[in-house]
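Take a look at these structures.
There are two complexes below, and they share chain A, which is joined by chain B in the first and by chain C in the second.
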Partner chain A sequence: MNKKPPRPAKAKSTRSVPRRKLGPFLRMVWDHKIVQKVETRTLTLADGTASTRPFSFQLVNFTALFLVFAVFWDMIVGAYFRKTSLWLFFRRVPNFFNILEKMVTTLDFAYLGNIIDPLIDTVQMAILGTAIGALFSLPVAFLASQNIVKNKAVSGFFKVFLSLVRTFPTLVYAAVLAFVFGYGTLVGVIATSIFTFGIMTKMLYEVIETLDLGGFVAIEATGANKVKAFVAAILPQIMGSFLSFSLYNFEINIRASAILGYVGAGGIGILLDENMSWREYGRIGVIMLTLFVVVILIENVSRYLRRRLS
Partner chain B sequence: MIAFDHVSKIYPNGTVALKNVSLEIQQGEFVAIIGLSGAGKSTLIKLINKMTDVTKGTLIVNGANVSLLKGYELRKFRRGIGIVFQSFNLINRTSVINNVLAARVAEMSTLATLFGLYTKEDRILALESLHKVGILEKAYMRADQLSGGQQQRVALARTLAQSPKIILADEPVASLDPITANQIMKDFKKVNVEENITVIANMHHVDMALKYADRVIGINAGEIIYDGPSANVTEELLKKIYGRDITDEDIMFKDQ
Partner chain C sequence: MHPDILKAYQSRPNHTIRNLILAVVFIVVIGWSFETIVYSGINPNGVIIAKNILNAMVHPNLDWLLNFNRSGTSIPWLMIETIAIAFLGTLLGAILAIPMAFLSARNITGKVVSGGGNTLISIIRTFPYFILGLMFVRVTGPGPLAGVLTIGISSIGMISKLYVEIIEDIDKGILLALDATGATTFQKIRYGIIPQLTASFVSAAIYRFDINVRNATVLGLVGAGGIGFTLIAALAVYRWNDAAAALWGIVVVVLLTEAISNAIRSKLVSG
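What follows is the complex of A and B.
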């Protein structure tokens, strides 16, 4: 009936895709992606029943708002008041390629002999630190799990304690501990284990708190105390996660311990620091290449093992 | 022996679960507790091993005043009482034998528990328990790979490994199909007769209760309506216990 007149042949030939109007698109964005309009909260069904969705911000709205805010902050506040901005990044990118070129063209493979020992130190720091941290994480995860320790004050105390532990990265711990224990690998081990402990414990108690406690309750009912019931009924259920988290933390730690030498914790970081100050780009290149190979190797072995576990 | 003397249970939210209940259960009895949901069946069972505490009156179990037990004394007392849950409550992700052995940890040191250092006697006891309920061949399978009926058998074996005097069963067959339920009840009966273990079971289905229990306790709104041999339970009585006619839902085998 109300048919539109046929399009002119010219328009057809120039555009194969029909033009989308901007209006409806903006409306859609406005309706769903940025701010939920009040009218859309109530939907009416065929028989007249109305269903009202309670007002809530959607995750996507927040993401969009945050991105807009971040760009705004960087362009206006960052660039004009603090002199730091993403623009700086784009201006300096060529420098990176200059240094990279120097590294690659002067690679000093004779230096490899000096790397091996510190590299072994670095890997050892990561292994020991992960093992010690993981070991301590089990009992504390028990104490921080609210469904096991019914007392909210106790589990809450440990949760707060753990979030305090997690405040600092490995590097900060190592820097502080170097004053106490002197320079050396020991500091790296302790710093790594503290960091691992903080992360592992949180990951573990989060798993424990979602577990089915039927077995635990049953073992408690046989007259076992909480610790024994935990060991007998909870440990078998979290052992897979525990090993998987340990490997994952080992991956993080191997990367973190590479720079620990900067603050005096031993390992390959010392060499990196040294050669950076001497601008020995060829040696830095070799160190980075070695690190790259080791990290990739460990990461892949670990990922393979973790996949086997799950 | 279990003796309830004018026991009442009022929950903190004001719900009166049991009113002035007095009864005695001798060693080796098979007692079924029947009644509507919310009548107080579960509460009655939970009081016996102090999963919940008595509000008024006294409850004596094997010579101990239950409401006075605390800490180590309570844990020691609980070793003599096994519980079978409606949802089996097995430890997933571990073997059947480890599930049964877990009943022994109460009497082991924490270190031995940590490293799984069970004694040879404990291992044999666990295997014997599995043998009694007829699933010895599943001992080294993972518990969560078994069927519902098999899982409940593991739970019963775990309870047996505790060498209990009393087994409490909270709706032990309510989540099983009729055939399996019958087999599980037979296992309970066997344990009851052969080992002289007192069995106290909450039963959802009237016919199963009457078939396997020697004695039936009927509860309605926290009060005991009937307490006597299951042979003497009449249609009239069931009407009083349930406050209505018995429907198909209360019976597992509808053709009987």
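What follows is the complex of A and C.
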């Protein structure tokens, strides 16, 4: 019984994975069809039936990953050690642990008094940035939801705009805006709110697009316009997610705003920057310890509230 | 209206007081936060600078944006360097996170050890990566290698946290079944545990890779390589067109890596 087994490639091609817009050739490579045509392994079992199993793609994936890795490795690590000797590198490794050790052993608790104000600034920046960003995200999420705004061009435009907004980290916004608004916490608030706006809106329109629009359509049928119907039918449904997303973003923002001081946006980052360049590692240690306590505290409160919301 | 409907409507749960308290708390907290803003009036220079920046975004320095050579003024080169930093860093973090995660998984090491591991994970997660960057710059000198080490160590926290959740979700039935076939410990790990973890682990690492690309774009600020240094240097001397070239570079890098990692992730899910 040596009949030729059917090609598993045929069966695979019918799977219902959404196709990406790649060229036909790229798509064949992506689906590993080319390799699949080259080799399928056939096994003859004890009772004589032939069994094929598809070529294992792990090898192909691994080779691709390794090639990328080798190129990048040579670009950064290779280039570095072509200029610096391995010996010099290992001689300087203790620098890292020395700093770490100083942070822990020379904890400067007298510095605590200088920390409180900038720390409160940082928290306030995160709160305000989250609140403003969340506020603006609601109407734009409405405009970007395909099932509410039937016009594909409008919702598509907002989606592209939002993905552009999301590309820049908070720090880049702060670095650029510091030139416009001058140094200070205002820049931090604006940068945080732009970043929050980008993420929140995406999360919200993804929720809105999965909603059951029965109520919305019913209210529209009574003669209400879209905005009124949105407020009456959609808003109550997404309010829980909205608050939960806001808290989640607040957690992200509190971590992000701790370093905003580096580009002049106020908060605890200024102290981190100063003391790092003065090599006052004991103070850095105290700042980080306080930051750790505050972040963990806020995170746990926020997680508790989010659990209650869902 | 039908009396039954009316009755049901009137006996609906009353959340007014709860909502009122929540609203008051939110308003008070947000109102309190406003004290952080010191409004010093509109800076007339600011308006001009904003105009210049927006204008520069439309006319970026094309020479920088399109030139490809190994220097700090070639945006394509810096883009590749940024991706390389994020890639190698994520790989380093993903590998170092494996022992960390197994130590911190409650179903593997028990309550005490896993508690300690989880505290360590939280500490790494709150450690600002800028500080880590400055510390590594003092080991390797300024350059992309410091960026790789920074990204690697700073992503251990989040990646191991994701790994721990995956490990704690492990299906033990498979191990029982392998036991029944007489598999050795090594075989149980090879055929019972590793196949369960690989796809989820890779997916978690890719998730962090997206974040690392964004972090790598700003690490240049502390001298740890990537596109960020060019951006900050151009901003510092008010060369908006050069800064705009770097900003567009960041846009391309982030969107490109996001598209690639989304494609790989959806392939991982579909098998």
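Everything below uses one rule, namely that the second predicted complex is superposed on the first by the 214 of 310 C-alpha atoms of A that agree within 3 Å, B and C clash if a C-alpha of one lies under 4 Å from a C-alpha of the other, contacts with A are read in each partner's own complex, and residues count from 1 in each chain.
The working rule: a contact is a pair of C-beta atoms (placed from the backbone, for glycine too) under 8 Å apart; a residue touches a chain by one contact, two chains touch by 3 or more.
Model, not experiment: these values are computed from the prediction.
When the shared chain is aligned, no partner comes close enough to touch A:M200: not chain B, not chain C. Look at A:A258: by the touch rule set out above, it reaches chain C but stays clear of chain B.
Of the two partner chains placed by the overlay, only chain C lies in contact with A:V295; chain B stays clear of it. For chain A, the partner that touches more of its residues is C, with chain B and chain C as the two candidates.
When the two structures are aligned on the shared chain, A:V286 is found in touch with neither chain B nor chain C.
Once the two complexes are laid over each other on the shared chain, residue contacts for A:A144 go to neither chain B nor chain C. Within the superposed three-chain model, A:A229 lies in touch with chain B and out of touch with chain C [touch as defined at top].
The contact sets of chain A with chain B and with chain C never meet. Interface residues of chain A facing chain B in the complex, by the touch rule stated above, are 212, 214-215, 217-219, 221-225, 227-229, 231-233, 236-237, 239-240. Against chain A, in their complex, chain C makes its touches with residues 26, 29-30, 32-40, 43, 46-47, 49-50, 53, 80-81, 83-85, 87-88, 91, 122-123, 126-131, 134-136, 138-141, 143-145, 148, 214-215, 217-218, 221-222, 225, 228, 231-232, 235, 238, 243, 247, 250-251, 254-255, 263, 266-267, 270.
Chain A makes touch with chain C in their complex at residues 15, 17-18, 20, 30, 68-69, 71-73, 75-77, 80, 84, 89, 92-93, 95-96, 99-100, 120-121, 123-125, 127-128, 131, 163-164, 166-169, 171-172, 175-176, 179-182, 184-186, 189, 255, 258-259, 262-263, 266, 269, 272, 276, 284, 288, 291-292, 295-296.
Within the complex, the chain B residues that touch chain A are 49, 51, 75-83, 85, 87-94, 98-99, 102-103, 105-106, 108, 110, 113-114, 155, 158, 162.
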